[in-house]
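Two complexes come next, and they have one chain in common, chain A, joined by chain B in the first and chain C in the second.
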Partner chain A sequence: MTKPMLKMTAAFADVMPAEYVELVQSGPFGKGYGVADLGSFKELIEEHPLCAGCGLALAVRLIMASLPSPEDTVVVGSTGCSSLAFPQIALQNIHSLFGNQNAVATGLKRALTLRFPDKHKDVLVVAGDGATADIGLDMVLHSWFRGEKLATIMLDNEAYANTGGQESGMSPEGCVLNMAPTGKKFKKIALPEIARESGCAYVASVTPVQPRKLEKAVRRAILVAREVGPTYVQIFVPCPTNYKFKPQETLVKAKQKEKDQTYPLREFITPEAQSYLAAIEGGGKRD
Partner chain B sequence: MKNKHKRWTFARKYCMLLKGLQLFYGGMILTKYRVLAGPEGYLPPAAACEGIALPDVGYALIEGREVPEQEALSAIVDKLLSAKRPFFFPGPNVLWEWKAGVAEKAAAVRKLADTAGARVIPMPDYRPKYPMINPAIEINPNHPNLTIWHNKIDVCVFVGVHCHYANMALKIIRGGTDCYTIAICGEAGHEDANITLRDAGIPQLEALTAMVAERRRLS
Partner chain C sequence: MPEQRVVTPEFLFTEAAREELFITGSEAVREAVRRGNVDMAISYPITPQSESMHLVGDIYAEGYVKDYYRGENEFAVMSSVAGAAMGGVRVFTATGGPGTMRALEMFPTWVGARLPIVCAFFTRGINSPLTIQPDTIEMAHMLDTGMIMLHAEDAQDLYDMILKAFIIAEQTEVHIPVGVFADGFFVTHTRDRVRVASPDLKLPPYKPYSAPVPVIDMENVPFRQMRDPFVMKSNYVSYAAHASWQQEVLAAAERARPFIRKYLGGLIEVENEHADILVLAGGTAVCQGREAIAMAREEGIEAGLIKIKSVRPFPSDELRALTANAKAVIVPEFNRVGWLSREVRNVVQNPDCVVPGPRVFGGMTMPPDLILAEIRRYARD
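And then the complex of A and B:
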């Protein structure tokens, strides 16, 4: 989204719905906001329809507040609970057919690079665990093998939440869900390690319990993808509806898993990405 | 160039005629699809699939029939002034000032709407709106019928809506409502509208405004 597009024509300003007026007045574009500023600007155009206490909804808001240049970012999403939230974000976004997100993002990134050779256009893939680690895994892996300069973020609620609770490859072994009544029979996929071995220059797994850490991981993933190569961030986003806990317990659940290491936090950085980050992070918060 | 254009037009019209003639089993009845106000029923056909082609440069379509632009301008004025509840639906191309010249075009659209006594409901973008839209103040291409029903709109004007979304919305309106649709299109026109202009810019908008004002003055 370029800044001039966010100017309304005077002739119709009086009939524009309030949320668009607010977006123009207090959107995030060109302001350099971070997660600490959440609540003081408009990162969602309207209310999203996700469940109360949804960890995924919280993570989406935190991601929106962590972008280095929201006005030059396009999010590519996929089917799942997040696809109900994405139409409401104050950012250009494309919904791709379930599982195709990294292929769609590849084409988009290449086209944007040709069209704007002197500018960074950040293409950010944000999709569920089913879309990333199961049905779209071939697209995801091949985008990494090819070295596409994309940042891929997985919203890991450890289930196919939007379709009522089937197990995904990311569900923990033994977990029982609505449509996995006998418990999952194999281990959670180690996608951060697979990402590291598949060509990602920066890999992190985080939770919304530590928003600053999440912000740092998302920013690093986007910045490294600009110059070095593909990146991957996995965010644990507990789902109260399918894992059947109270909405107010979402962060408690995430904290618990962080503490007992059942959701290990990781950060893998290649030496090339490390020296790039050292160069740009030395100079302050914003690039 | 002129001859080439004539030959092309003739060939196109010949093909259209063949395409438009539909042979029904039993009765041997020849019909040509007409893009009329609905309700045409769930999933109406795209007019293009029924043989309706976009108008040539300098022409327009009235209910699928190619006519000179001037004839369509008069028909638009008739429709706007005889409507009980005419509404304009400006789209992103005229709501957002994304390039030079847009502000002037938007002002010309607004002047036409105001002169015709029409209300304006914007289509600021094409996002699917979950869980619902507010049909009193906005229109969405994915369910434009909600805004038409809610406001009891009998004539509407699309302007500044990108091609694909305009065609989709126009088809949904024809399918589920009896609203008469007009497209003031700056590109090649919309065969799914009941009346469509093509290449319409400030000159056409100003001509329409002058015609509406004159008709109002005389009535």
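And then the complex of A and C:
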């Protein structure tokens, strides 16, 4: 934001909603906070309507705390569980339709590039596995083929969670889910590898078990998308409701999959992105 | 590319000197976009639209449009122009027939998101076996998307309507998309005399912050958490919020009426309005209607002509008044379902006076004699 927009008319301070007052007084805009600062500032998301123990909700919270420049970040989401959380996030964000997020983001990014040629406006896509790897796959891939400077994040709960736990292309092979009554018949889609081959300059798959690692992947994805090209981060976000485990076991499940490598963690970086990251991360500074 | 000068819409539309070109409808699209101060255009090929967006690509290469690319399919293109419009720029695209149907899910969301997108639709058949021929059936599917729908009779209309569509769409109290429809091939692929303003004039730029909704750029308020947001809740507040927004969107189209009157001279055009036999048509069927009433006059039969320029909003009051004493309102159409005659029957005082036809489809042209035969029949009664 170019103007000091987040301020209050003093006379209205006592009638403004509490969360807005907090956002003005101790929000993250222009402060350079990160995951390590959680608890000391007003987060972009405070409440959310998602299930207890939802891995996706945790990931969204961590993503929002990882943005290099929240004051100049806009988000394009998609239909799914995360779309219930986005109205509660203090960033301008778009929900258009199920699956068209990378096409919407393409138009948005290009428009902002035309309007703000001297500024980085980070356009972040955050969508489910169904939205990203199934119904919207053509638009995801084409945004990568075209080299659109977008950071695409998949919240991978390995199912269509919002519609009641159906199989998605990202569900593990053999898994019994709705619409896969005898078990899924094909392998989990290898989207990180596909992303690497489709023009992404930076690709990572992570879990919320290691928040600092997740933060690093998200920041790298956003920074590389500014200067080099499209990026992709896939986050494993266990869903207690549809995979039928206790809410308090979410991180245990994620940890287990990390450990036995049934959810392989990846990081692919092109040489160009590597040298860009080396230059900006060299001093150990955050930006 | 000449240095272009920004002029007021009124100057560009009425006062500016015009020169006459002999061009196709597709070329008329290029000439409109050239003067439209368009930031971004996104294309996808489909007959009979493709040529128009090639030509828009050509003027992008010359510098008249700031960004342009070929998208991956029509649904994606309509999504991308939505993203661009939400980012605060003036966008243009075009499609037709199967492309319209492929993208259909997007159109009501353009309206709900209050995006002033201008899209040209070059109508063609939708059928199996595959047809690429002229047919206006896709307009039937578009009637209730909430978009403003203008119907061009010829290349001149197309040029004028596209330019005026930007200005109508971008009024703060309107701020919804406009579809400019023209009959594929008959308009796109034929040459006609078109009077255009000088190419070194252009419309004023779009003002993003004139939008009645926030622009997605983190440069305008609000951006804040909403506690207990109503979207997707199953409670009365949620239903009421959605219902009132849907009514507001309908009202936005209603509020377009005065701007359509101002810039297009009305939602309809009428010839010989006191005749009790009226031919009512949109698009190129108007031409055949005009010929038919001229032929009738030679036979000593008086008939009138109503040209529908705005399908949404629909000229209900105008038609009710004009048809009050009509014996017959003959509605020739280029589609098999007769959507325009249905629309007319819904608004006139005496629906029985509406003659739902003649209709041609499958690619046929409309012989004026078919319309004349109807005129004669009602003249005899």
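One rule holds in what follows: the second predicted complex is superposed on the first by the 278 of 287 C-alpha atoms of A that agree within 3 Å, B and C clash if a C-alpha of one lies under 4 Å from a C-alpha of the other, contacts with A are read in each partner's own complex, and residues count from 1 in each chain.
Everything below uses one rule, namely that a contact is a pair of C-beta atoms (placed from the backbone, for glycine too) under 8 Å apart; a residue touches a chain by one contact, two chains touch by 3 or more.
The structure displayed is predicted, hence computed values, not measured ones.
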Which of chain B and chain C A:88 touches, first, second, both or neither: both
Touching partner for A:36 - first (chain B), second (chain C), both, neither: neither
Which superposed partner A:138 touches (first chain B, second chain C, both, neither): second
In the superposition, chain B vs chain C on chain A residues touched: C
Partner chain(s) touched by A:279 [first = chain B, second = chain C, both, neither]: neither
Which of chain B and chain C A:105 touches, first, second, both or neither: second
Touched partner set for A:11, first chain B, second chain C, both or neither: first
Which superposed partner A:114 touches (first chain B, second chain C, both, neither): second
First (chain B), second (chain C), both or neither touched by A:46: both
Chain B and chain C contact sites that coincide on chain A, given as residue numbers: 2, 5-6, 17, 20, 45-46, 84, 87-88
Interface residues, chain A side, partner chain B - complex: 2, 4-12, 15-17, 20, 45-46, 48-49, 84, 87-88
Interface residues, chain A side, partner chain C - complex: 1-3, 5-6, 17, 19-20, 23, 44-47, 71-74, 76, 83-84, 87-94, 96-97, 100, 103-112, 114-116, 121, 138-139, 142, 146
In the complex with chain A, residue positions of chain C that touch it: 39-40, 42, 66-67, 69, 71-73, 75-77, 79-89, 91, 105-106, 109, 113, 208, 214-221, 223-227, 229, 231-232
Complex contacts: residues of chain B adjacent to chain A: 90, 94-99, 102-103, 106-107, 109-110, 120-122, 124, 127-131, 134, 137-138
